[in-house]
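Each of the next two complexes has chain A plus one other chain: chain B in the first, chain C in the second.
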Partner chain A sequence: MEKLSFKLNAPTRAGGTRAQAIVGVVASGNLEVLLERASPADVCTIDIATAAHGFGAVWDAVVRDFVARRAAGGLRISINDGGARPDTVALRLAQGVRLIEEREA
Partner chain B sequence: MTAATANSGSLSWYEASARQRIEALVDGGSFNEFIGPELREMSPHLSIFDLPEQFDDGIVIGRGRLDGSPVLVAAQEGRFMGGAFGEVHGAKLTGLLRAARKLKQDVVILFDTGGVRLQEANAGELAISEIMRAVIEARRAGVKVVGLIGGRAGCYGGGSLIAGTCSSLIISEEGRISVSGPEVIETNKGVEEFDSRDRALVWRTMGGKHRYLIGGADKFVEDDASAFRQAAVEALRGRGRCDLAVLDAEQQRLERRLRRFGEAGDAVAIWQAMSIDKPTDIPGLPTDEFRRRVADKREHADDAR
Partner chain C sequence: MSEWGMQKAALNERLTAGRRLATGKVVPIPKLPEFLKAVIRTGDRVCLEGDNQKQADILAAALADLDPADVSNLHMVQSGVVLPAHLDVFEKGIARRLDFSYSGPQSARIARMLFGRKIELGAVHTYLELFARYFIDLTPNVALIAAVSADKDGNLYTGPNTEDTPTVVEATSYKNGLVVAQVTEIVDKVPRVDIPGDLVHFVVEAGKPFYVEPLFTRDPAAITETQILTAMLAIKGIYAPYGVRRLNHGIGFNTAAIELLLPTYGERLGLKGKVCTHFALNPHPTLIPAIEAGWVEQVHCFGSEVGMEDYVAARPDIFFTGPDGSLRSNRAFCQTAGLYACDMFIGSTLQIDLEGHSSTVTTNRIAGFGGAPNMGSDPRGRRHPSEPWLKAGAEADPDSSAALRRGRKLVVQIGETFGDRNVPLFVERLDALELARELDLDLAPVMVYSDDVTHIVTEEGIANLLLCRNKDEREQAIRGVAGYTDIGRARDARSVGRLRQRGVITRPEDLGIDPLDADRRLLAARSIKDLMLASGALYRPPSRFRNW
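So, the complex of A and B:
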């Protein structure tokens, strides 16, 4: 496993009141994303454990793009990755912030 | 809560994730997870093999309401390591079943598993026996344990043994139950014994229709979450007895079944021996017509299993 950690300034605070959300599954070409509310509202931390080594620069680009575009402030995001492509990662991250915004049933 | 409020919309059970299945199974918004992903209770073995872990170790457990009544639920995620049982995965299910016995609350297990996780084989095998014991102890205490089978991974290996201890089993055509999987049989016995690439052979030997016909499953449903939910509600209304008389009766039925079909070389030969009209049509029949056509022909396990 390769472990990567990012602590990024997030311009937009995550919406909603859910304490946590989880999307995706750890499988080949897929990943799970666990989102929890933590840290200051203008910071997003992302910890990644990935089966595919040597893609730090791609992860860096994907998570920076995510934090710039989506409401990710105040989130602690943890990822278990089974070798997903960058577009799948971006999709799961977007699903994650969408789910944590949802009203609790 | 008054009437059950199921989540609307049709959802393929086969395609759905463990979490989606639970969401669609229980009354809307009633599910409370135990030992959720945020606790990161993961396998202690996978990192040794440098394999990716999952925060819930591939099984979601908790409590919800089904048609208004409290029920304990476990759902395996078939896409994570083939839904296989490891130490933590197994311990979560064992714990749920022991709680069921104490609380006198029924359990629904959403199977989706290839069996024991090879990387933690000893712990996984032990988990299977602990779970089987816990199912029986819960059933002896009057708790019903209903198994739902219709996922991608089917219900194989140790999972099929656990299924065999349940009060009742609900299966879809896509569901499969077998101790050994197709590839395992082919590897050990050769392609002439079982060609694992012959999908039609796999499904007519291990698939939901055949299991339902020979009394290996009790309810046959469409690959749809609401159909599974409805069948689970009905199964939980059953008697779910578990005593010596019930087990004796099942033993006799299985002996009879072996005498009746033991010489058959293929599932179709068994369906023929059951006097099913046009047995070769069975795999192609839609759910309703299939159930209608076999209603008075199929074998029943009653509540022995």
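So, the complex of A and C:
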């Protein structure tokens, strides 16, 4: 298991008021993303535990794009990764910020 | 003066030799080896029928059992190199030269044999191109074909899988060649005459159906959320703005996802009746929900699909069917329809380079072309206008006079940035170039040339190459949808930003696509069983797809 941590400046604050959201599952080629409103409004922290070693540079690129493109300010994001491809990671992160904007069901 | 009628005389010799082993036109199966030895001559050009679907498997096995001391140096001209026997004839020295189109399941072995110089390669063709050569410089001396049933006069019923048969028979029989058909059974009266008996010289009762591969069946259970997102991009970002009504879908999960999103996502976008009404397409099981929801007006088919026979027969308003009720497919006509009467081809590929050339050749595998390069090309001979064709033409060349401007066919490559086993879709250099160098080929096997492709769709967005004005813009547009592949990460972020402002690159968020919609619940069917239920139990999935 490899652990990676990122603390990034986030230009856009996450929408909605929900305290947390969770998307995805831990499975081979998939990942679970937990988002909590637990950072300063202009910061996004991301902690990753991944089964696949040696992909630090790709994770770096994926999370930086995510924070630049999506409303991720104020979030602490924890990722449990089962070796998902970058496209799946990017989709899950996008789904996570959309879900935390939604009203609680 | 030359003597006329030599070919007729040669045919008569073959007929006389064959008739010694036949009763009328019927060759008993135990006599088949002796019969083939009697009618095939060393050096003959032989068409062994088989494509990516149906196979004249009994005749293929019998041909491979010949003794090369009796028959050798055959020149095989055939659509598909699919069965082991198709390559055994080269391994054994019965055949020497090969002109073909598709080699899916044999792609690794055919590559090894080409590298080992066991096969003298003529060329790899598209289906339509090889059919064309049957009438010009690759006319068969002997055609070994497959049908469902025959009567004693040789009239053939091909059933839903007519496919290449009329084309092969036309080229062979009218040019003094010999036609031999394997049939499941000999009957008093065939259900319909697909091939007239006077073009068929001999029939062999195989006692079992010819082999058919269910190549166009995709299990919805295997469709990923990334594929759903990519399909939404294609529908909202290409199908809708161009108003694409007449089209062909390539094989694959991306196009299967599009088919399954029409009755859900497409409906929500109000696109019913505005897109996807007319198809050149095999009867894809994943099209069932869209047909049942009233999206589709008409489908013409290259071939059939295993298990779809009863469904197709029950939907004659949609499909082309014969007086017997079953599907009539025809590969040559459907390829022509896909070329001239469709405004879009969309399909997946294995490698795309920085210019936009794409290829399915990867190291040590030669899968051939099949129909994709024909579907995926802009027909320069087209003259009838349509909205998508004119709009694409105007985007490519906005400054010229509208009345003198050609339209453009939409040729869309769709896929995830990383494919099977995390192999990147985007590459600096196609493996096809290496293959061409090693085999000393004049042409690298390119599936869709860069000047034909108009759009590339990945989960990261759509690159509209029609709007690129130079090589550099094109390269950055491709890098701009290449995700986290090495090619994508080496993009120039500023150029990509400018291309996005101009609408050359469109992101999911630019189209208002909600990532939460990229969910399997959006598929109109989520399993093969769902497809069967959607068909009212008319679709009968092959056993390998039944997991309930």
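To be clear about the criterion, the second predicted complex is superposed on the first by the 105 of 105 C-alpha atoms of A that agree within 3 Å, B and C clash if a C-alpha of one lies under 4 Å from a C-alpha of the other, contacts with A are read in each partner's own complex, and residues count from 1 in each chain.
The rule is short, and it goes like this: a residue touches a chain if its C-beta (ideal position, glycine included) is under 8 Å from a C-beta of that chain, and two chains touch if they have at least 3 such contacts.
Keep in mind it's a predicted model, so treat the numbers as computed, not measured.
Overlay on chain A: chain B and chain C fit together in the combined arrangement.
Once the two complexes are overlaid on the shared chain, A:62 sits against chain C while remaining clear of chain B.
By the touch criterion stated above, A:49 is placed in contact with chain B alone, chain C being left untouched. Of the two partner chains, chain C is the only one that A:87 touches; chain B does not reach it. Working from the superposition on chain A, the chain A vertex angle toward chain B and chain C, CA centres, sits at 70° in steps of 10. Nearest C-alpha atoms belonging to chain B and chain C sit 5 Å apart in the superposition, given in whole angstrom. Overlap of the chain B and chain C interfaces on chain A: none, as no residue is touched by both. By the touch rule above, chain A contacts chain C in their complex via residues 58, 61-62, 69, 85-88, 90-91, 94-95, 98-99.
Remark: chain C residues 224-226, 229, 416-418, 422, 458-460, 483-484, 489, 507, 509, 514-516, 518 touch chain A in the complex. For chain A in complex with chain B, the residues that touch the partner chain are 1, 20, 22, 25-27, 30, 32, 34, 36, 49-51, 78, 80-82, 104-105.
Interface residues of chain B facing chain A in the complex, by the touch rule stated above, are 17, 19, 28-29, 36-38, 40, 47, 50-56, 77, 79-80.
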